[in-house]
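In what comes next, chain A is part of two complexes: it sits with chain B in the first one and with chain C in the second one.
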Partner chain A sequence: MLWLQVLVNGLALGGLYACIAAGFSLVWGVLNIINILHGSLIVLGGYLAFFAHQYLGLNPFLFAPFAGALMFVLGFAIQRAMINPVMMQPVLMTLVLTFGLNLFLDNLMLAGFKADYRKINLQPPLGVLEFGDIILSVDRVYAAAVGLALVGALWLLLRFTQLGRAIVAVRMDREAAALMGIDIRFTYAVAFGLGTMMAGSAGALLAAIFPISPVSSGGYLGKAFVICVLGGLGSIPGVVLGGFALGVIEAFGALALGPENAITISFLLLIALLIVRPTGLLGRRGFN
Partner chain B sequence: MMRWIWLSIALVAAVAGLLSFGDNYLLRLATTVAMYVTLAVAWNIVGGFTGYPSFATAAFFGLGAYASGIMLVNGVPLGVAWIGAGVVSTVFAAALGLAILHLRGHYFAIGSLVVADVLREVTNTWVSFTGGGMGLNVPLVGGAAAAQARFFLISMAILAVAATLTAIWLSRSRLGVALQCIEQNEDAAQVIGVDTRRAKVAAFAISSLFIGIAGAIYASWTTYIDPSDVYDVSLSVKPIIMALLGGVGSLAGPVIGAFVFLGLEELIWRNSLEFHAGILGLLVVALVLFLPGGLRDLKGRSVLTWVRDKMKGRTL
Partner chain C sequence: MSTFRALVGITFTAASFFVSPAHAQDVLRIGAPLPITGALAPEGAKLKQGYELWQEKVNAGGGVKAGDKTLKVELVYYDYQSTTPRAVQLAEKLVNDDKVDFLFSPFGSGAAKAVSAVAEKYGVPLLASSASSAEVFDQGYKNLFGLYTDNSTLSEPIADLVKAKIPTLKRVAILARNDLYPLSLGNEFEKSAKKRGFEVVYYEKYPIGTLDHSSALTQLRAAKPDWVIVTGYINDLILVRKQAAELKVGGQVYTLINGPAYQEWIDAVGPLAENVTTASWFHPVLNYKSEDVFGSTKDFVAQFKAKYGAEPDFTQASGSAVGVILQLAVERAGSKDRNAVREQLAKGGFKTFFAPVSFGPTGIANSYIPPVFQIQQGKVQVVFPPDVATSEFRTK
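For the complex of A and B:
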């Protein structure tokens, strides 16, 4: 039964992991940028939810999409002001740029919110579900459900709206998309905004089940790396698959080798996958 | 050539002056700048010459520091431990290079970035061997404080000069030409008969040799290392910023960049202890946005034309 419990734990986290990585994957796939800032944006979303709960009494699970909407504006502005000018630069420059932004935002949050770990304490607590021997805490189920719903909404947006089709077109062929009359600069800014939105929502959900702190941004970024490489770049189903895969692998890895080795396992897996199959399980080749 | 001769004379004079008259603060700054020069020049061999955006500097640095620290704790003589650390880091880089150097662009960047995280976590959990998160006390070199400071300055300066000379030699060697071909067009380089895999792995290994020894000297210099300190991601990023400041891919660029960067860092640390990382971040953003070619971009242009060009250049 222990195995089943571990599997359930892993799957429950998987939905949230998909949400963590969806925005990162979108930005990487469409803008061809590795957004080192992503982890900090997740933490910022977490703080939005924390303060919304503390001062306005808002439920983090319901607030998550609104945290995302606020973060969309921020992401749109960041792309327009700072990332757009270097879109055509080599990988090194965009990486260093987002790293600089990450340093700045982390330090800003550290100065403003301190390094203390904070967690939203819902009153009354949501409790646990029990199916025979399997125990499942309700807050994780909610987080996974809302996370997956948001990822699903992003998938629908990309698939069925004109804006989404424009984003996909730009990803496939920038020049051809421009010739079809798509405003490339606007599309890039929207895509980055959507990526930031997903980060913010994921952060809001994380704050409801885990303690957050400005120092944890690097950990979330690392998870986004692994999930994207696991599932393959630039496809939403890939992110969902990667998220669940990482959740389960972490859970079983922690069981087999001890929880202190969870990061090592996932990063070694990342390197191994990069060596064997850099396009991921569902990914397609291309884009540098 | 004349320029290099004058530069080396100036360098020797500066080091000699420091050794005779410098106080501990100046000696510390000089040792730091020598370390920065080493890291930036070594990174430039992979990141500049070859054009591979490596974020593995922290991994080699930390590995060198721990390899040397553990050897010293077990009674290995200082010189042997330092060289040994260089060998460990070189062997590790060669193996790592064989594994990840076939990746390009973003995938290589991510692959190299997580190596330091893996090594840090392994160091953290392998308590019996590395001391774990408590860190490792590296045996003292011995002697008076001032003599120690001089010793480490000389050691680090020799390493920096060796790294720079190697980079100069490399840029004129067959291997260097191969690396530059790879930087310009790897597929074409392969077509004309460059063994790109071998060249890239060689560059990675040479680069890590100097970084590993720099880590080893650093460990003895500070006498205490812990995983979050020597595997810190900023050790991977700072050399890149230095190279960007001075000009990526050039010979003198990383050296100049290291000096400028240390000056900026001291200035920021002095004026803002709480927010220094944030200011550094802003500086990086400004550098990439306004001076992507480094300080050379400022040369021979008035501020006005520079601003105007920037405004024009802000479109996609």
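For the complex of A and C:
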């Protein structure tokens, strides 16, 4: 039964992993920006949830979409003010810019929040579900459920709303979309805002389970990267698949080769997949 | 462009700064590379508090008496951003540019070992505030003096206690952070357990920065241990304790190092702290009479509390302790001459508020046994050694 518990552990994290990577995938897929800032935005979302819980008593699972909404504004502003002016430059330029912003935001959070790890302690604790020998903690179930719901909402938005179709149209053909009357700069800002929103929501959910600290942003960025490549870039169902795949791979990797090698295994798999199937499991060339 | 300039400005002010300008002959200048930012920032801030309390206390009394001179203490800090290579560069800078007389080490075993090579090259005595792994002291250096005793002094007393109090206990599980000090400590626990005839049924390492321990703990639970030992730093141990409870990991005894001796750890895990054992080199409940500026552990704790509003933990106390040891060595030497001070440090016999401190042939302290603690009703109690114990060791 050990393997079943391990499988459950992996799946429980999968939903949250999908949420971590969805915004990253969107920004990469639509704007062609490798957003190094993504991990820091996740951490910032976590702090929003932490302070909302500490000072206003708000439940982080319910607060997650609102944290996302606040972060949307920030993302929109960042794209408008800083990234839009260099959108026409080669991808290296935006990479360097988001890398710089990442350093800046990380150090700003270090200065403001200190490097201490902080965690939301829900009172009373949510406890665990037991199915015979199998144990599943309730907070992880909530986080996975809310995370998947948000990813689902993003998918619906892109698929069925005019705004969503505009984002996809800009990705497919910038000039043609502009000729159809789509405001390109505005659409870019919205897309980046949505990516930031997903990062912020994921951060709020993470803060309910794991401690947060400005120094952990790099780890989340790494996970987002692996998930996007596993599932395939530019596809929301791919992100969900990639999230669950990473959760399960990490869990079984730890079981087979010891916890210290779990991350190594997921990155080895990433390299193998890049060689064998560079588009990922569900990857497509455009974002739709 | 102005945003960029502001950004650069902030980065620079955060990256390096001076405390008090360089001047005059009659100063005792000490270089202290600290992790002000980065992963070890909490520890860096704690060490700094310890240094500054000592500095303030000494300077308020006139300074360090070296023969017929009185030397004001001057500390020169640089932020090494929690990265060891940077600590090494900054140690060179402190010796060559800032002309410091002595060095305090960066935090932890790994960085202290790296910087000790610089200290040896220039013949500058280096006091290591927080290095306890024997591997740090294996290079035959003459200028390295470590305040903490060897890791085996943490594992042996606890293993003795467990063996004596729970004769039926057999199965031991160890989960160690894959890092110099926690791994070395994990190995010491394995040795101590095997030596006493316990069966080590699980021994695994987890990577630095792990947030989800469920895979490791699932396997650990399946091994059905009686005694669970986990090594790491405070954040690791908060997570492990909570996740172990969620996954209903069994076991009669939990030993977690380093974490439970910090009040923050107890606050973070709440009732799960109950009966957890740990060991550390210092705790405010100790009471040593000392020949240093503080007078006793009790007085040190009171003065620390007056300045910072909370009781000192072992890292904060370590900062002050390396200060008082250096001060005593300079006073005994009667000058700040490095050779004379080094000789006094090697001679040892410092009665400090932290512990009675003398250094062994490799430079690591060997003059005291770190106490064993147990959390009982949310309070830290000393359960070993008997002469400082405040309570009896409890089992579930």
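A few notes on this one:
In this section, the second predicted complex is superposed on the first by the 284 of 288 C-alpha atoms of A that agree within 3 Å, B and C clash if a C-alpha of one lies under 4 Å from a C-alpha of the other, contacts with A are read in each partner's own complex, and residues count from 1 in each chain.
Heads up, the rule we're going with is that a contact is a pair of C-beta atoms (placed from the backbone, for glycine too) under 8 Å apart; a residue touches a chain by one contact, two chains touch by 3 or more.
Worth saying up front: this structure is predicted, and the values here are computed from it rather than measured.
Of the two partner chains, chain C is the only one that A:2 touches; chain B does not reach it.
Looking at the shared chain after the overlay, A:111 reaches both chain B and chain C. After overlaying the two complexes on the shared chain, residue contacts for A:222 are found with chain B alone; chain C is out of touch. After overlaying the two complexes on the shared chain, residue contacts for A:128 are found with chain C alone; chain B is out of touch.
Comparing chain B with chain C, more residues of chain A are touched by B.
Contacts of A:260 after superposition: both chain B and chain C are touched.
With both structures placed on the common chain, the touch criterion links A:137 to chain C but leaves chain B unconnected. Contact with neither chain B nor chain C is seen for A:20 once the two complexes are overlaid on the shared chain.
Of the two partner chains placed around the shared chain by superposition, chain C is the only one that A:250 touches, whereas chain B remains out of contact. In the superposition on the C-alpha atoms of chain A, the part of chain A touched by chain B in one complex and by chain C in the other spans residues 100, 103-104, 107, 111, 258, 260, 263. Considering their complex, residues 7, 10-11, 14, 37-42, 45, 175, 178, 204-207, 209-216, 218-219, 222, 234-235, 238-239, 246-248, 264, 268, 270 of chain C touch chain A.
Against chain B, the residues of chain A that register as touching in their complex are 28, 32, 34, 82, 84-93, 95-97, 99-108, 111, 184-185, 218, 222, 225, 229, 258, 260-261, 263-264, 267-268, 270-271, 274-275, 278, 288. Chain contact summary for the complex, chain B toward chain A: residues 47, 51, 53, 55, 99-100, 103-107, 109-111, 113-115, 117-118, 121-122, 124-125, 233, 237, 240-241, 244, 248, 274-278, 280-285, 287-289, 292, 313-314, 316.
By the touch criterion given at the top, residues 2, 5-6, 9, 13, 100, 103-104, 107, 110-111, 114-117, 119, 121, 128, 135, 137, 210-211, 213, 215-216, 219, 250-251, 254-255, 258-260, 262-263 of chain A touch chain C in their complex.
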